[in-house]
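Look for chain A in each of the two complexes below; its partner is chain B in the first and chain C in the second.
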Partner chain A sequence: MNRNRILFGIGVLAFVSVIVTVRLGGFLVDNEYRQPDRQVAAQEEQGETELTPRQQGIVDEQAADEAEARARPYEEAEYRTVPFVGSRVTVWVLAQLHLLFAAFVLAVPLFAFIIEFVGYVKKEERYNKLAYEFTKLLSVSFSMTATFGAFLTFGLIILYPKFTNYLMHIFSPTFLPYVLLFFLEALFLYSYYYGWGKFGPKMHLFLGFMLNIVGTAIMFIANAWLTFMMSPGRRDDVDGDGVPDFVSAVSESGALLSLRDAFFNFTWMPINIHRIIANVAFGGSIAAAYAAFRYLQAKTDEEKAHFDWMGYVGNFVAIIAFLPLPFAGYYLAAEIYAFSQTLGIQMMGGTFSWLFVIQAALIGNLFLGANYYLWLGMGRMEGGVHFQKFIKWLLIAIALCFAVWATPRYAISSVSEIAAMGGSSHPQLSYLGQMSAKNTAVNILILSTYMSFLLYRRTGRQSVHPHRQLLTRAQAIVFSSAAALVIFYGVYGYYVDAAIRIRFAIPQVYSVLAALVVITVIDLPLYRNAAQSGETKWGRMPAVSQYALIFIALSFTWLMGLMGYVRSGLRQEWHVYGVILDTSPDAYTPTLGFATQVVSVTVLIFFGLLGVVFWLSSLGGKKDWEPKAVADGGDRLEGGQAA
Partner chain B sequence: MKLSVPMPVRLVLLVVGTTAFYMYLGQIVPQKEAHPPPPVLISAEMTTEDLVAVGAELASGKGQCLVGCHTVGQSGPLRYPDLDGIGARAATQIEGLSGLEYLAQSLYEPAAFIVPGFADGMQPIDQPPISLSEDEMKAVIAWLQSLGGTPTVTLDTDLGY
Partner chain C sequence: MWGLNLPIVLALAAIGGVLVWRRAHTLVWLLYSLGALWAFFKFGFVVPIPQSVATIYLAITGLALVAYASSSRERLAETVQPIKRLILEPRYRLALAGLLVALPALAAYNAYADLTMPLEAPGFGREIHPAPPPEITVHDETVNMTTGDNPYLHYKADDPELYGKHLENGRRVYYENCFWCHGDGMGGDGMFAHGLNPVPSNFNDVGTLPALQSSFVHWRIAKGGPGLPGPGTPWDSAMPAWEKFLTTEEMWDVNLFIYDFNGFEPRALGQH
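Then we have the complex of A and B:
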């Protein structure tokens, strides 16, 4: 008996079991205690039907419920609850899942379009193939985004009806454009995906371009809704005294004064910028995780080479977007401070300050994972040994910066430890917990990671530029100067007041950004047409490198969940900060332990669903199902999976 | 014999293990639930001493004064001025303003005068999100006066705002 017959038999058995169970249940209920048969027959002849005690009870309950429902006046609910889980956690998880898939769907077309464009300019088919491989992930992810978007909308309407109604009152004029843009996004996305190879390259690139424009516009509209909740107004120098004034978009009672001010509110653009960069970093890491998943499944060298390259490109995209992300984060945080000192202080020095220690651990792991992958990648190339001696120094620098960044200002201590230290902060280590040290650490982390990338880029290549020595020295001087400047401001920050110290972050950031730009500008001509000292062997990466890619994607996802929590949680007991109070039982900020549990559950659900997306996307490359003939000479056909 | 763990199992272990590690980090940091500040009741018969006590409660609760902004009795690089002794020095901060007027102005119009060496940043605390009522403002001023000075504010005091 073959497997199909066994499965069929189990199915039939299960079906019959269900039928029998239902019938048996019905029989038992219908045959509970009754009067003797003769009496029932007599009653039926007279047109009377006797009810069993149970049936009578049910009828009475129904009648009582109906009477109660008729007597109850209609009341508009302010909040509804979800048993056990709670309304807030339900909406929290749904919103985060929606955002994770949406971030991915917005990011992938961005770099798929760029890769396709590079392939078009370079006339290399492999780029086109790679861009198509990335796009394969979009179709299912788009459906997931829409599904969780619908869940979230219904969740808000059902659980927070009054507040959702208020948001609709403010933003209803933006809903129709949003829906139209969503329709256009579906149109462009599916024509971009299914039109691969069906349209000419220029037309196809145009579809990709439009897909990105429409996707970004959708995100900008949705960002207005959520940033309004944090900063319901803008700052402008209304009275001309040179000091920005707060211009509220709504009255004290919440009535709309200006849709324009509600939409283009104070934190709208900082969030837009932060989200675009973060989405690309996140999308790149998830695409790299998909490549890693396929690499680990690959059977042939050709498949391994293809998915190794795809993983490298995905990770490259993630890291390139990740490097400026802390700067976008600074900008966002600075704008939150500028909007409301209270919000800013809550974020960095109040309820949420310990959250940033967890964030430091996550970002430190991301830097370690990304560098580790780059270092392993040097093994792909012949002649990679030359640069491997630098790895230990980079590892030491990264580990030190990681340790500094993760050092809290106040130690978690017992009473006896506090007594021994003379306070809740360690007499020496607490210096590393201050912003001066942390800003220095993250900037050196960025420089070190960029150095890893430069070493990777040089592996197996020899510059043939006539001024290569001069240009390489210039790069070294720029790099050292930026590092020295960052360290100088970090140390000097301990000798000045807080108001001055906080401004030191700006020259630190600018010096690192300038160094990245200048070194890149020098590096491009320096290694153009470089001599290859060895061949790049794609597909020669050890399996652990692929697990590193998945680890990076996981850490990115967790980081998105955590930072999503702090952005939303900052409002504390306000639905709309300073305007609409949350009066539900959930109007408090939970502990960090609880928040991280919710984030963890969300991440696990997301990765479970991502596994489904990866599996469905990988089906596209498999052969079609074909019937295979059984060799017994008959006409009978038996199904078989050709792949 | 070499034990080989199948790839899907490794992936699940990686995902669950990493998530559990990050969740564990969240459990070992200090845990605190932040509830909305409880309402403070101010009744008409409250004396100045009563207002000082209510003001102290407001400063560390609804008023958010001592939640990361100001300090009392600390020195060194501070975010905003330390309030120790403010009850005594308020009268000498701005020429022509009494101590009471100075304290009222610093709460209603904090940007009107910035203490040298500090940056602007405080928002009027009679406005959202803090939104102290007039009586609550009087209680906070009474508490500020008590820091190194003699509180004089009653609920009948006219703050001029």
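Then we have the complex of A and C:
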């Protein structure tokens, strides 16, 4: 018996089962218990209907419900609940999904515009094609962003009506500009996408530029809403004593005093900066994951070469944006601490501090993944073996820094471990859990990643600059001086007071940034018109490299979800910190384990939806549908016509 | 030395030296690195590393080793070559059989060891940095932790004489109540300090008072150990809740005094 017959038999069986079940149910209901007395029988003979006990019960229940509904006075609901998952988790997941798609939609135009501009300046068509490939992802993602934005808005109105009403009371004047900007965003986005090749290059670049301006403005408005919830006021030296004062945007009862102060609040600008950079890093990584997805599907060498290059550029954008991200994060955290010591201590030393150990593990993975991809990329070029010997040392540096960064100050320990250590911190390892060690580790990680990139850039190329030896030595001196300075401050930090130690982070950061800039400035002329020892073979990457790109995108997404929770969760039992209390049953702070589970599920949903976006975006490149060829007497008929 | 278990560390280094001398194969190096680091984390320290931290380190090591082995086609081919030979060449059949028995046996032992691990109560790590609540109520007066400030601090500029009186009152309060634990010189080394764990705060430390707003210090004085927040419990602080013994003015005065004595200014709102 073949497979089709079995499937057909199962289908018939299922159909018959359904019919039998329905008929049986009907039979049982029709023959239910009735009172057997003569009076009822007489009533039935006279045509009066009689209710069975079950039917009578239903009628009584309906009457009672109706009476109760009429007696109940109208009340404004403060909160509503969602069965099983709860209202907080519902809004949390919706907000996160909206934000992830929004971040992607804001980031892709940014680097698509830059790539298109580079193509315009260099007069190279391949850049134009690449920018268009990135933009293809936007259309569906934009709809997803809007859909989850609507979900989130309805979620807030239904589940947190009183609080949502309060936010409307504060920010209602910003809603109309927001909607108008959203309309403009749609206009520019679709004209940018559908107008590809239809407008002149300057006009098209202008559309891309406007798309970015409008998108950024939208984000700035939405950022005001969420940062107000954390810091409802601005910082200003009102009394002129040189010390900043807190100017509250609302009264003690929550009434609006100044929309300007509510909008341009304490943490608004740090979030704006952090989000722009993080969006680019995230968008680059997702675009690279898309390229990886297409690379793995690619059938021809040409397709493979194209998507390999696309993945490389996406990852390059992600890593370049990622390098300054720890500094932007540091700025944001410092501003949160400056606004409220409660929030600051809670974040870095209290309940939420353990999430920063997880953050360290994720960022370590990102660095490792990014370097790994670069090392594999050396295989694209002839002559790549020359630099392979350095990988070992780079890997040791990266793994050591990763381990230092992930070392907790106070370890999770059993009773016997605590007894052996004499406390929650290990006598030797606790040194690695301090800020001096962490700052040193992250700076060396950045330098190592940059070194990997330099090696990749040099693979298969030979400088023809007349002073190449001198310039290479200068680069080596700058690099080792920066590394030495970072390590010096890291070690010296243990010998000075905490207040001075904190300030050491600044020269460490500046020395690394200066090294990156100086080395790049030297490297550009050094390798201009360099002699190629072999051809760069795009598309010659092992499959594992593409999984590395997907891994990087996954880590970025997880990181965004986690840190988004930290920023939002820090308020704890407050809707608006210090002003509007959360009195819902969900006001408690969830355990770290539960929070990470919610983040993980959200990331899974996002990647599932992203799969749909990738699939829809790839449909454009597929062949048009044609009727199947039909064999007829040895002749093949196609498209309904005789061959 | 440095808290290390020297014989173990030297033995591991010696094995590494032999591998260098014998120019060991990449696969051998990878296996050695993982095994040596496991042994180092497990036995290399006089005070053993907590299992949670060792697991993090070994996970990082494992990731790094996999990344290294597969970082180029040539290296991957070189790394897996002995494994291929072990599986394919007839002369290694005995070794392969041994490995096929050893690997499940190792997994079985691991499962057995996990199941027979002696049960012990989970440890409670102390949270060192208490985060204050957004606001506190002391003697029916609400103090906002973000915007609250010492009400007498402004006298320093506006009315130095009155400021001096408050300081003097703060000095009296300190040497009647606080110096027993926090010490004459506020170094956290008072006569009772040796009996307390954790030891009392050292107010001379530049990382303590200048990093805190005066509202935070007021919270610690008024609410003491019993008023420490729920998260991070159990707290072991022996600090009394001074609101039960002192007036609000006395608490703000002693707050003023400990800053003045040490030459510090309270951290202002918005100051990094």
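Of note:
Following the convention adopted for this analysis, the second predicted complex is superposed on the first by the 573 of 643 C-alpha atoms of A that agree within 3 Å, B and C clash if a C-alpha of one lies under 4 Å from a C-alpha of the other, contacts with A are read in each partner's own complex, and residues count from 1 in each chain.
We take it that a residue touches a chain if its C-beta (ideal position, glycine included) is under 8 Å from a C-beta of that chain, and two chains touch if they have at least 3 such contacts.
Just so it is clear, the structure is predicted and the values come from calculations on it, not from any experiment.
Following the overlay on chain A, a clash is recorded for the pair chain B and chain C.
In the superposition on chain A, A:301 contacts neither chain B nor chain C. By the touch criterion defined above, A:587 lies against chain B but remains apart from chain C after alignment on the C-alpha atoms of chain A.
Residue contacts after overlaying the shared chain place A:361 against chain B and chain C alike.
In the superposed model, A:597 lies in contact with chain B only, and not with chain C. By the touch criterion defined above, A:61 lies against neither chain B nor chain C after alignment on the C-alpha atoms of chain A. In the superposition on chain A, contact is made by A:547 with chain B only, not with chain C.
When the two complexes are overlaid on their common chain A, residue A:426 makes contact with chain C while staying clear of chain B. Touch criterion met: A:577 reaches chain B and chain C at once. The partner that reaches more residues of chain A, of the two candidates chain B and chain C, is C. Shared-chain residue A:342: touches chain B and chain C both.
When both structures are laid over each other on chain A, chain B collides with chain C only at 236-244; the other stretches in 38-46, 74-82, 110-118 or 236-244 stay clear. Within chain A, the residues touched by chain B in the first complex and by chain C in the second are 243, 246, 337, 340-342, 345-346, 349-351, 361, 408, 412, 497-499, 574, 577-578, 589. Listed in rising order, the residues of chain A touching chain B in the complex are 243, 246, 252, 293, 296-297, 337, 340-342, 345-346, 349-351, 354-355, 357-358, 361-362, 408, 412, 496-499, 501, 547, 550-551, 554-555, 558, 572-574, 577-579, 587-593, 595-597, 599-600, 603-604, 607. Against chain A, the residues of chain B that register as touching in their complex are 7, 10-11, 14-16, 18-20, 22-23, 25-36, 64, 67-69, 77-79, 111, 117-123, 127-131. Per the touch definition, chain A reaches chain C in the complex via residues 235, 243-246, 248, 266, 334, 337-343, 345-346, 348-351, 361, 364-365, 368, 371-372, 375-376, 378-379, 384-385, 388, 391-392, 395, 398-399, 402-403, 406-408, 410-418, 420-424, 426-429, 497-500, 542, 544, 574, 577-578, 589.
Those residues of chain C that touch chain A in the shared complex are 2-3, 45, 47-53, 56-57, 60-61, 63-64, 67-68, 70-75, 120-123, 125-135, 144-147, 205-207, 210-213, 216, 231-232, 267-272.
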